[in-house]
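Shared chain: chain A. Partners: chain B in the first complex, chain C in the second.
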Partner chain A sequence: MAVESARLGPASGDERHADYAQAARRRRTLDLGKGIAAYTVLTLFAVIAVGPFLYLLSPSLRHSYDLFTFPPQWLPKSLYLGNFGAVLHQTSYVRWGINTLVFATSVTLLTLAIDTLAGYAFARMHFPGRGILFGLVVATLMIPTAAIVAPLYIIVSHLPSWTHAGVNTYPGMILPMVCSPLGVFMMRQFMSTLPEGLVEAARLDGASELQIFRKVVLPLMKPAVVVLGIFTFMMQWVNFLWPLAITTTDSMKTLTVGIASLQGQFVTNWGLISAAAVMTMGPIIVVFLIFQRWFVQASMAGALKQ
Partner chain B sequence: MSAITGETAWDELSLSPEEYRRASARYRQRRSVTGYLFLLPYFLPFLVFLVVPVFWSLWLSFNQGGILDRARFVGFRNWQEIGSDSQLTISIENTAKYVVAAIFLVFTLALFLALILNRYRRGSNVFKLALYVPLLAPAVLVGLIWQFVANYDFGLINLILTTIGVGRVNIFGNGTLALLTIVLAEVWRGLGFWTLYFLASLQNIPEELLDAARVDGARGIQRFRRVTIPLLRPMLLFAIVIAIIANFQVFDTVYVLTQGGPYESTSTMVWFIWERLFQFQQTGQGYAAAVILLGIILFLTALSFWLLGSRRRRRRSALA
Partner chain C sequence: MAEVLIKHLVKRFGKVEAVRDVSLRVADGEFLVLLGPSGCGKSTILRVVAGLEDADAGEIVIGERLVNFVDPVKRNVAMVFQNYALYPHMTVAKNIAFPLQIAKKPKAEIEAAVRRAAGILGLDDLLERLPGQLSGGQRQRVALARAIVREPHAFLMDEPLSNLDAQLRIQTRLELIQLHAQLGITTMYVTHDQVEAMTMGHRIAVMNHGVLQQIGTPQDVYRRPANVFVATFLGAPPMNMIDGALESVGGGWRFRGVDADVPLSPEVLSPPELRHEIEARGEVKLGLRPEHIRVGPPGHDGGIPGRVEFIEPVGSDIYLTVEAGGTTVQVRTDPDSPLRPGDNVTLMFDPWRVHVFGADGHNLRRDAPAVGSTLVQAAAAG
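Let's turn to the complex of A and B:
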């Protein structure tokens, strides 16, 4: 209304000033209201995101039987630290952690080695059948482990003995996970951004292809390699279906499989489970807070697979 | 060195057409061999652990057994059995419901949060970090954490309900609520990722376009509907297909939260395959279901690449 009358031209300048001031004030109040609403919504969702992790602390700090009182309690009446000791001494938690590190690190290192080579070949080398082979990689980009878990299991249990692979072995867990097409796809995209002249110049200087790859290409690709490395590690340490299928003994389980196995068929020690969850998430969150920039980049680069 | 000697030296060095052809063929051959050698370390595991298993999967769907014993050829029996198996139909239905609900919820919320974060940038880093934290947890832990949210005796939801004086709810005893819990667990985990994804897309929208719309008198909601959404649409379509592929494989949360229960109301496709293969020893039906899953995922992969391609085609025609 104020704006309307201003356009028509009110009688005096003073009146027009007053109208403008009023409109501006109303505008400011509206903006302030919107701002408060926006930050309230953001805070609410931040609390929802982090809240369950904090609530997890409460059951981890009390006896399991204290969880089943009525009415249920928000906080433990007295602090009980025994769950953490029980996780360390009564379960194979430490062993599971070591298995997870061995599994995820090996898959990551092997993936980086073979995916950078293949990505470079697809991006910068010339040979017949390049298009068809890359098409094959792209076609298998999203094949879920669940759809091929049975043949994988059969293949792994029949691999020749020099591979030392089989059910309940590290090679058996690791090898089938190292051929992620997504890594090759990502590396090819990254390698395509290399300036063509650079490789040519090294070639004219008489460098062999392997020398070019190691001395020219890899140093330039360092950020991409780090991103792919973090991405692969993150994908593998949360991996559940494959380690679940290929391990049957307690001492070969990874953290995800081991913690899931703490859930008993009839009785479950929930204090123990929450303590194990706290012990697992704590270090990850700390590492994340230190290297957050890399984490976010890695997960965005893997947007194809979420 | 004089020009004349230089010319003669060049003459002696130069190759006859025949020699030239042979040399270049040799060079190209060596170049190809190097290329194949670079591919070899990847293609060995790729063939053994991905390409062969895909075809083996197809073959196994006409067999029974094979995991603990020898496989026996049974012809089309698995396919006949699975055709009349109502649990598979239920599992596909459950997966579809789950996928639709999870994607609808997470995309709506993420777009909403991304719009807010795009407009109010002060302090937004803290909120982005907080939203990202659930993504760090493996889906198995997300499932266990949601036990602590939805459990009958000590779950957060029931705790809140008792505190405000409403009675407790047995969430895992009710099929719809149990499936909803699995949906919410995924929404909770994925929200940070999709918010950051949409935020990045929003920041790609040229500011001038929104300013031009503002000058033309478009209000907030109009600008969103007429400028932002059309510009986001290609990215949104691709993201939806990718999210369908990812969510179609839901398993970890089902495994720790409900084991497919109550009465198969949370049995999903991958859960069905897992149960038949490794728990019931009804391998034949598991094999057939795995082939169905493979077909669905391959179809969706082709669709996503077609969408990516059409986006690129459109951009090229816009530039021309």
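Let's turn to the complex of A and C:
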């Protein structure tokens, strides 16, 4: 309006003021509309993301006989914490938790060690066949885990006894999951963004390859390493297929496998299963909350580097 | 401190020959500048000397020791990189101390060395800062401190000033000259900036396409360029080149080109010994520095007629772009010159100031360096 009146010729002061006021009102209405649209979309996403969790939380806080009432109750009338106690006392939950912790932590630490070293070699060292090797590593990303579970099981179950790796052993569980091609790829990409001059300067300063890696490259990679660590830990904490294949005894099960085994052939205590699932999610949420600032740092790192 | 000797160095990257049979000698305590355009192989030479790249052929000798197969650190050279290459997660003090810590020197010795290096470069107050908290000039000084703390045989500097702004570059240039005077360490300095080369170098080695074009003092290289490349690479504006041919007239030489017919002084070309060579080569180029051309009124005898196209005042001088001799000629003239674009003029010069370049680009002047003289010099040295 204001633009139009300006184009048409001189307008009186009052008219112009009215035009501006109207334009400002229109602008405010538009902003409000945009805001409502944005919140609607975000709320929808939040419901989709958080909904299943709440759906899981609800039965864990109710008696099992309360679960199948009609119409369904979303909110429990009274809080019942007995399911959590039952998980701890009637199942091997603690043992499964220890197994999972050992499994996820070991896989994470070993993966970090191998992936960062491999990433450094692929990004910064020159050796014949580097390109082909890296291509092969990346190509393994295409292979779904489900496709290799059976061969992996056969290999692990036939490993000689001196390796202490076999069915129902920690090494047998951990080693095949160590070193993720995605991690190698991530580390290599991140290390490629570090200025070549840093490595060369360190080399001229007399540092060995391992010293360069440890004293120069690794400290600069901290955000990426933490992110890879969290990813790996979270993935292994909820890994189901491989632990299911390689464990047959109750004492070696991980949480995911253990919880799945709670499902009976004829009767299933959904309250118990829900409580176990909620308890399993706890540590992973805590880990994420502690380290989430690193995610932001890692995603910013590329933008801030000279 | 030590002499650095490069003998018949060849370095290839795949099919590209980055350095072609380069030989040169950097005397003990000398400041040698490697000058050339991007991709001319100057940085590659530095990297080969440092040990960051392997030579495909030739020898690198540092302090009378053949170092071709010696690890970078054992060559005892320090390199300063264009982007400083400071370790961003370490404080200034730790950056400077890094080479000594790697060498497992005693703590007290490291501290003393860091303090000494920081003192020389005026970094005493910045020792606890991180590189990210420093200005470009300060970072460069930290990189220099890290280089001198090891007391190397030689400094290798790869365009250390090119990331600094113009003002800071001039200041840091002076600091580098002072530092060299103070420490007297043999220095190889790579740059594409001719002002840096002229002001800093005891000698300049001009490179192009991996080939050493000429090596000499800044004055030598500027006044007696070995070939067309050196003549046009050094100087701002660069030397003008006018195409034409030589004719022998009455025992002397005349240069004949489009609208140009000028006698050449016997100081430039000595007829008897060169006649045969010049006639065989045919076409030549007449080289004229912009500051050696005088602008006279049109129709003046003994010059080249031309027409002013552009005028660029740069404060202390005016650069005239003149269409003359079938080409574009740049002239440096008085800032009070009344000339305007479109004016007709005559370009005049002292006959003994000119250079004549043969068809293969080499300078035919009597006092120009002989072709291949640098190789002879290096071979003699080796």
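By our rule, the second predicted complex is superposed on the first by the 216 of 306 C-alpha atoms of A that agree within 3 Å, B and C clash if a C-alpha of one lies under 4 Å from a C-alpha of the other, contacts with A are read in each partner's own complex, and residues count from 1 in each chain.
Definition applied: a contact is a pair of C-beta atoms (placed from the backbone, for glycine too) under 8 Å apart; a residue touches a chain by one contact, two chains touch by 3 or more.
Fair warning: this is a prediction, and the values are worked out from it, not measured in the lab.
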| item | value |
| --- | --- |
| Which superposed partner A:F233 touches (first chain B, second chain C, both, neither) | neither |
| Contacts of A:V149 with chain B and chain C, given as first, second, both or neither | first |
| If touched residues of chain A are counted for chain B and for chain C, the larger one | B |
| First (chain B), second (chain C), both or neither touched by A:L220 | second |
| Partner chain in contact with A:I284 - chain B first, chain C second, else both or neither | first |
| Doubly contacted chain A residues - partners chain C and chain B | 306 |
| Residue ranges of chain B touching chain A (in the complex, touch as defined) | 28, 31-36, 38-39, 41-43, 45-46, 48-54, 56-57, 60, 66-67, 109, 112-113, 116-117, 119-120, 123-124, 126-127, 129-141, 144-149, 151, 153-154, 156, 158-159, 162-163, 188, 190-193, 196-197, 200, 239, 242-243, 245-246, 248-249, 251-252, 255-256, 269-270, 273-274, 277-278, 283, 286-287, 290-291, 293-294, 297-298, 300-301, 304-305 |
| Chain A residues within the chain C interface of the complex | 195, 197-198, 200-207, 211, 215-216, 219-220, 306 |
| Interface residues, chain C side, partner chain A - complex | 50-52, 72-73, 77-79, 81-85, 87-89, 98-99, 102-103, 146, 150 |
| List of chain A residues in touch with chain B within their complex | 35, 38-39, 41-43, 45-46, 48-53, 55-56, 59, 67-68, 71-72, 74, 113-115, 117-118, 120-122, 125-128, 130, 133, 136-144, 146-155, 175-176, 178-179, 181, 184, 209, 213, 237-241, 244-245, 255-257, 259-260, 263, 270, 273-274, 277, 280-281, 284-285, 288-289, 292, 295-296, 299-300, 303-306 |
